[in-house]
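There are structures below to look over.
In what follows, subunit A forms one complex with subunit B and a second complex with subunit C.
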Partner chain A sequence: MTIVIGFEGSANKIGIGIVKDGEVLSNPRRTYITPPGQGFLPSETARHHRGAILTVLREALDEARLKPSDIDCVAYTKGPGMGAPLVTVALVARTVAQLWGKPLVGVNHCIGHIEMGRLITGANNPTVLYVSGGNTQVIAYSERRYRIFGETIDIAVGNCLDRFARVIKISNDPSPGYNIEQMAKKGKQYVELPYTVKGMDVSFSGILSFIEEAAHKMLSSGQCTAEDLCFSLQETLFSMLVEITERAMASLWLSGGPDCNLRLQEMMGVMCEERGARLFATDERFCIDNGAMIAQAGWEMFRVGQITELPDSWITQRYRTTWR
Partner chain B sequence: MAGMDGGSGGAVAPPSLPGAQLLKQGAEARVYRGRFLGKSTIVKERFPKRYRHPVLDEKLTKRRTAQEVRSILRCRKAGISAPVVYFVDYTTNCIFLEEITDSITIREHITSTQASGRSTETLYGLADRIGQILAKMHDEDVVHGDLTTSNMLLVGEEDGKPGKLVLIDFGLSYISALPEDKGVDMYVLEKAFLSTHPNTEALFQRLLKSYIAASKKAPAVIKKLDEVRLRGRKRSMVG
Partner chain C sequence: MAAPCDPDQLEFALAVPFPSQWEASIAVRSLSPDREPRKGGITRTLSVTENILSVKWTADEARVLRVAIASFLDHLALVMETMDAFGQSVPQ
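Up next is the complex of A and B:
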């Protein structure tokens, strides 16, 4: 029996989860929400995490009904993510590991999403579309490593949605992507936007520039509504994602924040059905950043003896997805 | 590398070519083999993608079909080998292409060379030729859009006698004079090349060198290629 506690805080969520041999014992989390029109800045996000982390840690232990001495290993997000929040969370993880006398494991955030997805969907060897505020990658396991087959060549899809939300002042509560999804359901008119697929890669920055430039003009002239823009943006971005995934896939599931978007899951479902593949999608408890996913990936690494020594327990904002 | 399955259930021959056999369903289209006016023909049918919004799907399909044919013709006019376009049916979005027989993909060729234990240096001549052909293609302002070693065929290669190089699958291609577009084209190839063929960095460098030597416009393209490499996310750290 191995019990691992995982600390995640690479972006605007601070989460701590405890996993015991594939069972999630607790997984509390807090989200730093900014006013409409604003993104979350690293130093302010770190301040939020500093204020919440010990409360969340207490919740995680209480909910799991465990004492620190029951824990076998402390896992934390080593990257990729925002520097200041990563440092904050790594510092706490390092401290409790020393206080409790437990080994540390630094986890790649993207691998956390993949391992969590594998755990809860039971998918064995999937092609993964991993999309979030900072990541857009099609990943599959090949020749003993997770490898990136397709990815964005500039900004992430979540970043594109978040920044569009700021342009037309959509609320960040609970998340800009969620609110865009709700507005898109009311959109009727499809507005043509650039569509950019390059082999198995995609590019979103041109679409963002286009819509930043055009949105206010189209809205003030009454050419379309904000709902229409949300709808058209989703349709365009998601079609691109489904297309590159189809190019890379064998079987697949979804992971990461915008993956909770039901329209994206629906489009992926149709594509899979047409190819005779099976779609595995995760739900919001586990596809949004959380501590349990770091604990789960840490559990896998700890089990095969991968430990991060104290001098190596730094963080990095850039961390490419390759493991195993 | 592109997602391809064997036949997906229920696909029948396209109405414009009865009797054609489904070869594969790629991400982009269904590919059939049949006979058209007495010639062995490959039919590429862009079927509607139900996951996409119908307006977007229609627009993409029409545009890509037209661009594919335009790019092939432009390449062939410039003396770059690509399949002959026999016929285009814009109502069913089918392209009728010459079937390239007795060929192997560059991917298979590199893999088998590596597997036989021969040094990749024996492939330098091939890399030179690929570089030259891509330089010529880009000088014609054709951007392939999906350059991989699977989309290049080698016809009639025998020991000591180099075969003919044929470019295929122009499904994502378009006409553009922008160094940015050509730089991304080379970037897509670089990623596909190095991820498909381990330990071929020197071979790809050779290809790039030959590209640079052969194209008048190469400096601007390579400058963009260097930019694009740095542009994406989480580049420098290797985990």
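Up next is the complex of A and C:
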């Protein structure tokens, strides 16, 4: 029996989860929500995490009904992510690891998502579409490593959606992406946007610039509604994601794919059905950043003896997805 | 506190007492791994003597020094709060 506690705080969520051999014992989380029109900045986000982390840690232990001495290993997000929030979380992880006399494991955030997805869906050897505010990658396991088959060459798909939400002042509560998804359902008109797939890779920054300009012009002249723009943006971005995922699958003959936007799941579902592949999706408890996913990846690493010595436990804002 | 040895360099020294050397050593190991985010213009050294954590910065500009110290103090406070909240159960 191995019990691992995981600390996650690479972006605007601070989460701590405890995992015991594939069972999630607790997974509390707090989200730093900014006013409409504003993104989350590193230093303010770090301040939010500093204010919440010890309460969340207490909750994680209480909910799991565990004492620190029951824990075998402390896992934390080493990267990628925003520097200041990452440091905040790493400081607490390092300190409790020493106070409790437990080994420390630095986890790649992207691997955390993949390992959690594997645990929750039971998918054996998936092709994974990993999309978030900071990352857009099509990943699969090949020749003893996770490898990136396709990715964004500029900004993440979530970043594109978040920044569009800021332009037209959509609420960040519970998340800009969720609110765009709801508005998109009421869209009636498709506004043509650039479509930028480059082989296995995608590019979103040009689409963002285009829609920013179009939004100001078309909304003020009444040519379309904000709902139409949400719908058009989602359809365009998601089609691009489906295309690169399909291409990765074609070269691998495998299946998979997370993210909690229902429209994206629907589009992926159609593509997978046409290919005779199975689509696995996780729900918002586990596809949104959380501590249990870091605990789960940490559990896997700890079991094969990969621990991080304190002098090597620095955080890193850039971190390629290549573990195993 | 400042006693510049290089005439162009600013220097700042901080001494933080902990209840024991055990806590001071934990703090230094928690605070050391991350280097200063800037590539140059500032250096930081941490050390422990008995129960005292000592930190020394040298920097080219006061602005850079101020930012580094402010962020260090935030980090230090968090480590100390963590010890207060979760440290009692493990004397060694």
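The rule is simple: the second predicted complex is superposed on the first by the 315 of 324 C-alpha atoms of A that agree within 3 Å, B and C clash if a C-alpha of one lies under 4 Å from a C-alpha of the other, contacts with A are read in each partner's own complex, and residues count from 1 in each chain.
Just so it is clear, a residue touches a chain if its C-beta (ideal position, glycine included) is under 8 Å from a C-beta of that chain, and two chains touch if they have at least 3 such contacts.
The model shown is predicted, which means the values in this text are computed figures rather than measured ones.
J.: Using the superposition on chain A described above, determine whether A:Tyr195 touches subunit B (first), subunit C (second), both, or neither.
T.: First partner only.
J.: For A:Arg318 in the superposed arrangement: first (subunit B), second (subunit C), both or neither?
T.: Only subunit B; A:Arg318 stays clear of subunit C.
J.: What is the contact status of A:Thr45 with respect to subunit B (first) and subunit C (second): first, second, both, or neither?
T.: Neither: A:Thr45 stays clear of subunit B and subunit C.
J.: Using the superposition on chain A described above, determine whether A:Asn172 touches subunit B (first), subunit C (second), both, or neither.
T.: neither
J.: After lining up the shared chain so the two structures overlap, which partner does A:Val96 touch, if you call subunit B first and subunit C second: first, second, both or neither?
T.: second
J.: If we overlay the two complexes on their shared chain A, which of subunit B and subunit C does A:Pro80 touch? Say first, second, both or neither.
T.: first
J.: Which one hits more subunit A residues, subunit B or subunit C?
T.: Touching more residues of subunit A than the other partner does is B.
J.: Which subunit A residues are contacted by subunit C in one complex and by subunit B in the other?
T.: none
J.: Going by the contact rule at the top, pick out the subunit C residues touching subunit A in the complex.
T.: 26-27, 29-35, 37, 71, 74-75, 78-79, 81-83, 85-87, 89-90, 92
J.: Quick check on the complex: what are the subunit B residues that touch subunit A?
T.: Checking each residue of subunit B against subunit A gives 1-3, 5, 8-9, 25, 27, 49-53, 55-57, 59-60, 145-148, 172, 184-185, 187-188, 191-192, 195, 198, 228, 231-239.
J.: Along subunit A, where are the residues that touch subunit B in the complex?
T.: 79-80, 108, 134-135, 143, 147, 149, 151-156, 190, 192, 195, 197-201, 203, 235-236, 239, 242-243, 246-250, 266-268, 270-271, 274-276, 316, 318-323
J.: Under the touch definition given earlier, write down the residues of subunit A that touch subunit C in their complex.
T.: 46-47, 50, 53-54, 57-58, 67-69, 83-84, 87-88, 90-92, 94-96, 98-101, 310-315
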